[in-house]
Structures are given as C-alpha cells and as structure tokens.
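Chains here go by letter, A, B, C and D, matching the order in which they are written, and residues are numbered from 1 within each.
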Amino acid sequence: MQKIKTAVVGASGYTGMELLRLLLMHPNAELTCVTSRQYAGQPLSSVFPRFSQMAGSEVAFTEPDAETIKASGAEIAFLALPHGVAAAYATALLELGVKVIDLSADFRLNDPDVYEEFYGAVHPAQELLKEAVYGMPELPQRSEAIAKARLIASPGCYPTSIILPLVPLLQNGLIDPQSIVTCSMSGVSGAGKSSNVLFSFCEANESVRAYSAPKHRHLSEIEQELSIAASEPVAMSFTPHLVPTHNGICTTTSAKLIGSPESIGKALEAAYADKEFVRLLGEGSTADTKNVTRTNFIDIGWAVDERTGRVLLFSAEDNLGKGAAGQAVQSFNLVAGLPTQAGLQNI
Amino acid sequence: MQKIKTAVVGASGYTGMELLRLLLMHPNAELTCVTSRQYAGQPLSSVFPRFSQMAGSEVAFTEPDAETIKASGAEIAFLALPHGVAAAYATALLELGVKVIDLSADFRLNDPDVYEEFYGAVHPAQELLKEAVYGMPELPQRSEAIAKARLIASPGCYPTSIILPLVPLLQNGLIDPQSIVTCSMSGVSGAGKSSNVLFSFCEANESVRAYSAPKHRHLSEIEQELSIAASEPVAMSFTPHLVPTHNGICTTTSAKLIGSPESIGKALEAAYADKEFVRLLGEGSTADTKNVTRTNFIDIGWAVDERTGRVLLFSAEDNLGKGAAGQAVQSFNLVAGLPTQAGLQNI
Amino acid sequence: MQKIKTAVVGASGYTGMELLRLLLMHPNAELTCVTSRQYAGQPLSSVFPRFSQMAGSEVAFTEPDAETIKASGAEIAFLALPHGVAAAYATALLELGVKVIDLSADFRLNDPDVYEEFYGAVHPAQELLKEAVYGMPELPQRSEAIAKARLIASPGCYPTSIILPLVPLLQNGLIDPQSIVTCSMSGVSGAGKSSNVLFSFCEANESVRAYSAPKHRHLSEIEQELSIAASEPVAMSFTPHLVPTHNGICTTTSAKLIGSPESIGKALEAAYADKEFVRLLGEGSTADTKNVTRTNFIDIGWAVDERTGRVLLFSAEDNLGKGAAGQAVQSFNLVAGLPTQAGLQNI
Amino acid sequence: MQKIKTAVVGASGYTGMELLRLLLMHPNAELTCVTSRQYAGQPLSSVFPRFSQMAGSEVAFTEPDAETIKASGAEIAFLALPHGVAAAYATALLELGVKVIDLSADFRLNDPDVYEEFYGAVHPAQELLKEAVYGMPELPQRSEAIAKARLIASPGCYPTSIILPLVPLLQNGLIDPQSIVTCSMSGVSGAGKSSNVLFSFCEANESVRAYSAPKHRHLSEIEQELSIAASEPVAMSFTPHLVPTHNGICTTTSAKLIGSPESIGKALEAAYADKEFVRLLGEGSTADTKNVTRTNFIDIGWAVDERTGRVLLFSAEDNLGKGAAGQAVQSFNLVAGLPTQAGLQNI
C-alpha cells in the first residue's frame, strides 16, 4: 500500500498528540517529520510513552523549519501551532510545494478585519486568505473544494459542534437566524497542555463553569459559516463551559422555529444521511460525549419545544477528534485522494 | 443551648444524607427520629459510615410512621421522600402538630392542574396547597412567610439556580420575559442514589449530555415563580445536562436585555446585597461550582452581550446544598426563630 | 484480505464491548455472531451507540446458542460469560468444531480442587481442563501452545499485571518466592457493567479502597503460574484496590531480592526484549496506566531497595485490554495464524 | 466564648487553605494574621472565593514576617511552608513568644543526620529539634507532651495513615518489624497547588502510578516512630501512588504476624477505643477514603491472611485533614486547652 508522507508541525500539545495518534494508525500515512522546539532531538516515544513500540514511532522530533520538513519528503504538513505562528509556516511550506492543513485559526476567517477584531492582531498572511478552504467536509460543496486546495483551514472544536447542526436549518429557512442561543461544554483538553494551575486536577475536577462569554474567539468563524448558510449576517449568543472530562464537547443550541416540527429532521436527513461521520440520533434523542470520544463522529439529536416555539439541537463530538485532529485527517484523505474513512475507523 | 428536636423522613438518599450531615453539625438541632423503610433498625452510623463517631449519630433508623415521628418529640420534620409519597406524611404530621419542611415537589406548585400536567397524577393533598409556602427565603417577602408557615415546600435544585438571578430582572422589567433560554449542568448526585447503570461510574464519567429537554418537571415551579415576578405568564427554554461531578449545579441563562447594561448589576445588588447566602460576583465574572459545593451559597455573575442585545446570567450552587438540604435548613432556621446562618456556616 | 469469522458470546458487558471494539477494527476478523440474552434481536449499534456507522456494526444480537453460533460460520468464538456459565458453551462449541477463547475463569486452573476452593463450586467440565491452554503468550513456550490449542483460557486482569513481571525473576531464582507482596489498583470497569450502587458514580468517584483481601479469586491462577515458574508452590499476599478511573490496572509488587540488583533488568530484558506488547521502562521508572489504556501493552518498570533488600516491580495495563480483550485477540491471532500485531496496533 | 488568636503562615496552598477552612469554622479560634508572599495585600475572600462571606474571611493576606504575626496578637501560629523555610519562621516566632505548629518536615525528625539524608540539606535549626514534639496525639503519652509544647512538628500525610495502625502491633510484639510492606494511594492535592503539567487534569485523570519509591522523604519519620514503638530500628518497604481523587489517602500495609489472629484487634481496641478521631472498622473491613474526606477521622480495618501468615492493615484518612490541617488543629486544641473535638466535628 502506498503511503503519503506527512509532517506534524508543533506536535507537543494535545491536538498534536491526537494527530500523531491518528497518523501512526493510518494505513496510508507515513510520519516523516515531527517538530517541536521543546522536544527537538528526542524520539517520539520518549515524549509520548503511549506511542512507544508502535510502528512509525521511531521518528525523532526536529526543530520546526520549513526546509527540514520539505527535506523529509513530506507532501502534506499539519500545523498544530498557535494562531499567529502558523501563518508563517504555512507561507513557507506552500512556497516549497508542501500542502498545508492548518489547525490554528489563522486561515479560518475570510475577512482579515474580523480576524483583527477577534484575535487582536493584524492578519499575518492576508494574501493566502482567499485561497484557504475552511475544512469542514460536510458543508455544501466543501469536500470538493478541500480536495483541490493547497491550504486547508481546519475548524475549531466548538464551531464544528455548532455549525453542522445549524447549517441545514438556516439554509432551508427553518429557524430565525437572529434567535440562536448556544451553550457548549468542553473537556479540559480544550484548554491545551497547560501548566496553568486553573487546569490542574485539583482545580478542574469537581468544577463546572462558564468562561470567555459573551465573545469567545471561535464565535468569529461560527458566525461566518452560519451567515453564509443563512444568506444574512448572523449574530448569536454563545457560552462555552469547562467540565471535568478529558475530552468531548457537548453542545445545546436553541433557536426560534420557523418551519414545521417535522422539517427539522427532514433537513438534517437530507444533509447528512450519506455522511460517514455524522450520526443523526433522531428527534427526542440527546447526544452523549462518551459515544464519540476518540472517534471522528459527531452525533446530532434534536427536540421541538412547542411551549416556547423553539427547536433544541443536541450535538456531541470529540474536541480533539472531529473537533480538531480527526477533521484534519478527514481533509487529508480528501487532499490525498484516499477513501473518506481511511484511518478514521477507530472507536 | 436549646436544641430544636427534628426528624428526617426518608433519609437514605443523597438529599437525606446531606440533611443528616447538616443537622448533625447544627448547633441548635437535635435529630430525634430518622426514618427509612430500607434501613429500619440500623444505626445511622452503620448506614452512613462517614457519620460514625459524630455526636448524635447513635440514633437508629425507624420505619416512617407519623406517630413514631411525633412520639420522638420532633417539632419539625424534613421530608426527603419521592413526590406523591411526601404529601401523605405531610398531612399526617401536620395533624399531629409537627411542622413540615417538604423537599419533594408535592407542595411547590400553587396550581394542582400544573402538578397534574408535569407529574402525571392528580395532586394528592390539594387542601394543603394554599397553605404551603415555596421556601426560597431570598424572594421578596418570602422569609417572613416561611417563618410563620406550618408547611414549607422546599424548592428543587435547578429552580434555585435559575429563579434567583432572574427574579430581580423580571420584577424591574429589565429583560424580555419571553426570551429566556437556560442551560444547566448538574452533578450526578442530582439523579439520586441510584442503581441505574446509566449513573454508574463507567457510564457517567467522561460523559456529558442533555436530558429531559424540553420539558423537565422542575420547569413547572420555575415558570410559576418567574411568572409571579414578571406579572405575566412566562414560558422559557430549559435544558438540563448531566456532567461528571458529584454535586454542584452550574446554570447559564440568556435573555433579551430591555434595561441598560448597568441596570442588571443594580437590580441584583438591590435584591441580594444583604442576603447571607447570595454572593454577587460582579459583571464579567462567571460562577464556578467548586466554590459552592457543600455550602449553602449561590454565586451569581453576569455579562452583557452588546452584539446580540442579550444578558447572560451565571449561577452556581450545590444541588444538595442551597439546591436542597441547605435551603431546607435555612427555612428550618426561620421557622424555629434561629439565626439565619445557624448550622450553615460550613465551607 | 481474508477474514476469520468470529463470534462473541455474552457481549453486553465491558469485556464483551472491548472485544467488539477490537474485532470491529481488526483487519482480519469478521463478526458473524454476537450474543446476549438481554439484547437478543437488537442491532449492535443500538446497544452500543459508540459503534454505530462502523463497518460490521450492522450485526444483530442473537440468543446465546451453540448451534446458532456455528451456523453463523464462526470458526472461533470468544466467551465473555460469567465463570460457571462459560464451561457449558465451551463444551458445546468445541463439539461443533468451533475453537474457543474463553475469557472466564473456567479453564484457567489446572487443578479442579483449586477451582472448587476459590470459586465455591465443582468444576463444570473437568475433562477439558487438561486441554485448555492458559493464554498468556509471553510466558515461555506458551505462544506455540496457544497456536495449536482448541481451547484457550484467557487470563484475568490482575494476573497478567502480576505474573509477567515476576516469572523471569522466579525462573532465574532472583527473588524469594515466599516473600511476594502485591498491591493492585483497578479502574471501576473491572467490576463489570453493574447496577450495584457501590459502583455508581457518586459512590465510586472520590473513593479509594481495598477489597476482597486477602483471598481474591484471581489469586488462584496467579499462584499457579508463579509456582510453575518458581518450581515450588508459591503463596503470596495480594490486595486489590478500586480507584476512580474507567479502566487500567496499576500493580506494585515487592519481593526479597536474592540476585544482584542488575540481575533484575537482565532477566526482564532476556524474557521480553522481543515481545511486541511488553514495554520495559527500565530501572527507576514506574508504570502509568494512562499510557496503556485502550492498548494491548503492558508497561513494566522496577527499582531495587537496598535498605530493605527488596525489589519493587511496577506494572500497568488496561484491565479490559491486555488484561482481557486485547490478550484474547492476541491468542486469536496465534490460533488463526495471523501476524502478532494484527488488530492490536491501536493506541 | 473566648477565642484563641491564630496565624496561618504560608496560606496559599492546599494545606494552608484547609487550615483556613478549619479555623474559619472553629468556634474557639480567630484568624488574626494570614500570610502569603504571592497574595500579600489581597483579602482572603478574593484569593479563596469559597470562603467569601464567611465570618472571619475579611482578613487580608500580609507578607510573612514574624513581627507582623506577633503584632496581630496571634498566640499560636501554624506554618504551612516548605521544609527548610519553616525553621527560620519557627525560630523567630518562638523568640517572640508565639507558639508554633509546624506542618513542614523541619522538626519531625529527632536526628539531624536523618534529616540531612532524606532532605539533602543540613538541618536549619538543630537546637530546636529536642524541644519539638511530633504531633500525633494518639501515640502513647503524646497528647500530654503536645499540650505542654511550644513547638509542634505536625506529621506528614502518609505517615499518619501508616504509623497509627502499626504502632500498637509493634509495641505488643505482634508482627515482625522487619517484614513491613506498605502501599499508599494519595489524591492529587498531596502534590500541592502545582502548575506542574504532570498534575494537570488531563495528565492526572485516568492515571494511576507509583512514584518516589523506594525512598520517599516521609519514610524517615515513619521509620522513626515505628522504631520507637518496636524498640528496635525498623526499615520498611513503602511505595506511594498517585490516584485521580482530590484528596484522601488509602494505605494497605502487610506484615508477618507473630501474635494470634485475635491479638490484632485486641491491640488496636486497647490503643484506640477511646480516641475520638480513630474509627476501628473491625476485622475483615477495609477503609474507604470517601468516608473520611474533609474530616479529621482515620478509619482502620484489618485482615489476617492465614495462607501467608501475614496481617493486612487498611487505613484511610484525608491527606489534608487528619494527614495535615486537621491533625494540626487537634494539636492546637491541646496546646490551647480546648476540648479535643472543638472545630473538628465537621463531616
């Protein structure tokens, strides 16, 4: 079996680790380069003892450097770097002919002004913005665009869980676009591999709290994609919460129903019945993070509340899986012309 | 120090256990009778090893029987029984002259038809409904009513976390009463001491999910109290979630802002600045369950979202504490003429 | 690629679920029959929503019945049944020509009297005891025996973590066989998918305790294999503990050192350097369950305590993986003539 | 009621926080001074939101300075400082006439050479070593010594759980002093309020591992007290483990039995039947951390293993409670002439 040579740039955090996990198990991928300033020179297996003795885990970390990545033979590079940092690597790698799947926020927004508003800095590589494709393959016409792209902006964890259930309803005019209220609950890995005492076991366990409301950074990409679907600017209320699980995001969205109660299920079925990684749970079913952790699935249920005239959308995904690394590998499969489910059939 | 003689009826679950914990530590309470069909004849300390060697823990469980409770000398009885069952005990105890603080839903609703709608049965003791006082002492004029009552309907866990932040805003006309959307996250003890495999460690850990939406039973008492505050019928969207903590409820409520951004803080301060168990965290602060577990505090923060014209209310309480047993002891202190904080200064 | 047809008998518990997970991902296995009295008639994906939309998950549960299993075409059947029950199925399946990998305790003990002593019942199929092979492939000459066997007794979760580190030391006379003291800590899934309130989230979380000491049932197979290695009857002190994790066993064993400090590492290296699923961490390193969960690895570290003249052995495995389902699939690969790591390269 | 003025020096960690919690609830204590370099100038309630609105929580953190502490009127100071740092404060405070209860390791060892061996530095205040009393009130004649002391060396968390069950057996010659093997499991708060990523939620949850074996620092004080009880030098095997709970220590000790099986229970009863904070669970019972968290209790059970001729001792305590702050308050009550259980009747 032919294997696509890949690199993971910035592989020391949780998203990077999940990418490594997926690529080490991927039947059509070969890790030729793994970078980390912090761990340069150390073998993968000593930094991540979990991966020790796995085929492919003999690779050693190198300094992040576009030339080195190219020299390793990598055809496609995953960037698991902080926003602001990723753009420079993307630029350099694309110039060297290496395709880029960027998991940072640097190329997710079409409008550099929105980037500046939400990320507090001038966009570092505006000339690439037009070219970048927001890598959520289940969106309309998106998988074709991803397959042809050189630069994929792989979506954030919250956006996936919010955008996918809403897009078919907005596209079909079934809900009021200005009535959307969302609460999401994320596992602690969403905060990254952090030495911040706030995310220590003793502080995060037996703790549930909202944070970053009302203007979390991910809101920018969420509203961008919802606006496209609604064909009008959408502003929504979004409150993320931190809950004591390792991974998983559970999202509940409420919106004013315009269509009939049955229209919700029909629109979701029409959009996703043939999508490998979307599982529709049916009306009246809620989604449980425990069924999606360490997979690339997103589970979606819904309920109509006749008392308030609102519809409730329930979704669950792994913030590191479908919300980050899994979705990036999904784009990788598209870019590399591999079967959709290659390397993503892990449960 | 004089001690009020008390009974706990149905003391084998988590709410009952928390009541026992609070009463064993209460300087002005004496447990004269503790009932449990399941544990009748066993000493408290063998059923709850945690309480062993505490002063007062020598008492043995008896069968739940109004005459026995009265004979023990109890002046005030706490009912930690299932709804439908509590009403009969309340009736019998009141006839014998024992005051009742009922932690079930039996006397929380003013309207028996709403009870029937939400609990699926004819109300078992309608003649007592008028007399019962909904025991949330921080509501306007409520503590005086509680002090004089024979029968207190102690509120449910979700309602407290939702009603307290909203009432001052509704009373002052600062939000649109028909725009309220609430998500709550509860620890697993909210499901009771259950042998249901759904609440086993392996099923509940690393699991986050919505449930009982859109029409959770507690919605009935929430909307009742909000309607009183708003002086109009309120229907709201409420989605409870289960998260892997032992106890604690975190609630996020979103509503259309009518008043000025500053009016929110002012109304909350006016209502709660002098309330011992309400802690206002200020604008921009969220509430964390870890600060309120095993206390009788409710923490409240808020934020104004100018983009959507909505206000966000963040609250946290212990579902077993301020959301159940603590609030019941608060009513007990009022009924018994004790200092507000007696037995509730535990952190 | 040719696929071996397999059945899982008694697939509703955690071990069964892990077997299903491994077999659904196994490139050379096909699930033709999955049985459960409780779930008969239901599709796999409705009982285990996690597996929904996975290739192979369309199979439906059937009643456990040897003829049905045979009729499905299964060549090899895994039994994830309670001890005492498994023996009858093994007998019937072997008669029908279906090879059996039994994960219960029924065929682990060579001596039916020891079975009776530890399991409190006459052994249900003594004639098969001689034929059964204790399926721990890393033991000397064991993988060859497994490859030729019709009936594999797949080891328990605690035994694997205790036996593997000790056998090379006992075989080489490096420790005093009568001085062994072991403490193990198991995740709650070790108790099975249980409705016992003891294993509910609220009772098991924030709880650590010993149980079943000093004579846990698994002690019988542990001492059997240690006695073979030591060429003398071994009696040891073993205390299992329950800790609040989903899965994983961490074992610490202490024994009087007879050999030199260096001899420990040498013996372990000689025994396991070429074993795919044993990872030697080196002297001074302890083993962490988080590195082995959901894998078939066992990690082993050690330390010499010169102050007491004892050696400490540290091991970690997944109680459901190398301690149950993973090890059973390892035997399956041997019996089916597949590569050692087939279907077990999941991390 | 008269209140003893107290200071807590170094109150920003988990032990300090638990001391504050206990002292804020203590009917006979008043916090006049709370120090923390990190938080100097901030009110207690802003650093620890949990304590907000508690009577006594208005006190503000000051720089740690002996004169300031004295000037606050404090009669007794608790030191929750790192070892090596505590000694200087103890010296200065004692000179100013303030009695000291030191929770660090600085005064726990009678022999400065042992201190140097285990803590890697010359003892910083050897002249005070003779005067210091190892503050474990349940040891023979210890409570009288504590009551008269100016300087209490309050024991470590592991030692309490190991020493208390063993001392009566060693004193009565019921076990072989050279055969002791102990495994302990501690909650993550034992590692302190740490920004080390090792103790982050994502690294510590679903993780169980041994550490610091075979020569944990606490071994020095454990062996000191066991040697006194045995009237001979004792060397033992001790392996601590980290488990994913907030607090609690579970300890299992195995030793060769010399006395009769019944002698174990008799010796423990004779030693502890009248001790308020020791709960003997009886033969065959194990101890569960969930029954002792946030209390000052230590629970002790035991079992005799006739197969190996060993006795097993099971103990559980809160590492922050009886293993640290609770035990220190117990000494405080003795020094201040207060009732034994004052401020320690919290469950």
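Everything that follows uses one rule, which is that a residue touches a chain if its C-beta (ideal position, glycine included) is under 8 Å from a C-beta of that chain, and two chains touch if they have at least 3 such contacts.
Being a predicted model, the structure only gives us computed values, none of them experimental.
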Chain of greatest Cα-centre distance to subunit D: A
Where subunit A and subunit B are represented by their mean Cα positions, the distance between them in whole Å: 39
Approximate Å spacing (C-alpha centroids) for the pair subunit A, subunit D: 47
Intercentroid distance (Cα basis), subunit C paired with subunit A, Å: 36
Subunit B, residues touching no fewer than two other chains: 203, 205-206, 244, 246, 288, 290
Category of the chain touch graph - line, ring, star, complete, other: complete
Contact set on subunit B toward subunit A in their complex: 181, 183, 185, 187, 203, 205-211, 213-215, 235-237, 239, 241, 243-246, 248, 250, 252, 254, 286-290, 293, 303-305, 307-308, 310, 312, 314, 316
Contact set on subunit B toward subunit D in their complex: 21, 24-25, 49-55, 276-277, 279, 281, 288, 290-292, 294-295, 297, 299, 341, 345-347
Subunit A - residues contacting subunit D, complex: 14, 188-189, 193-197, 199-206, 244, 246
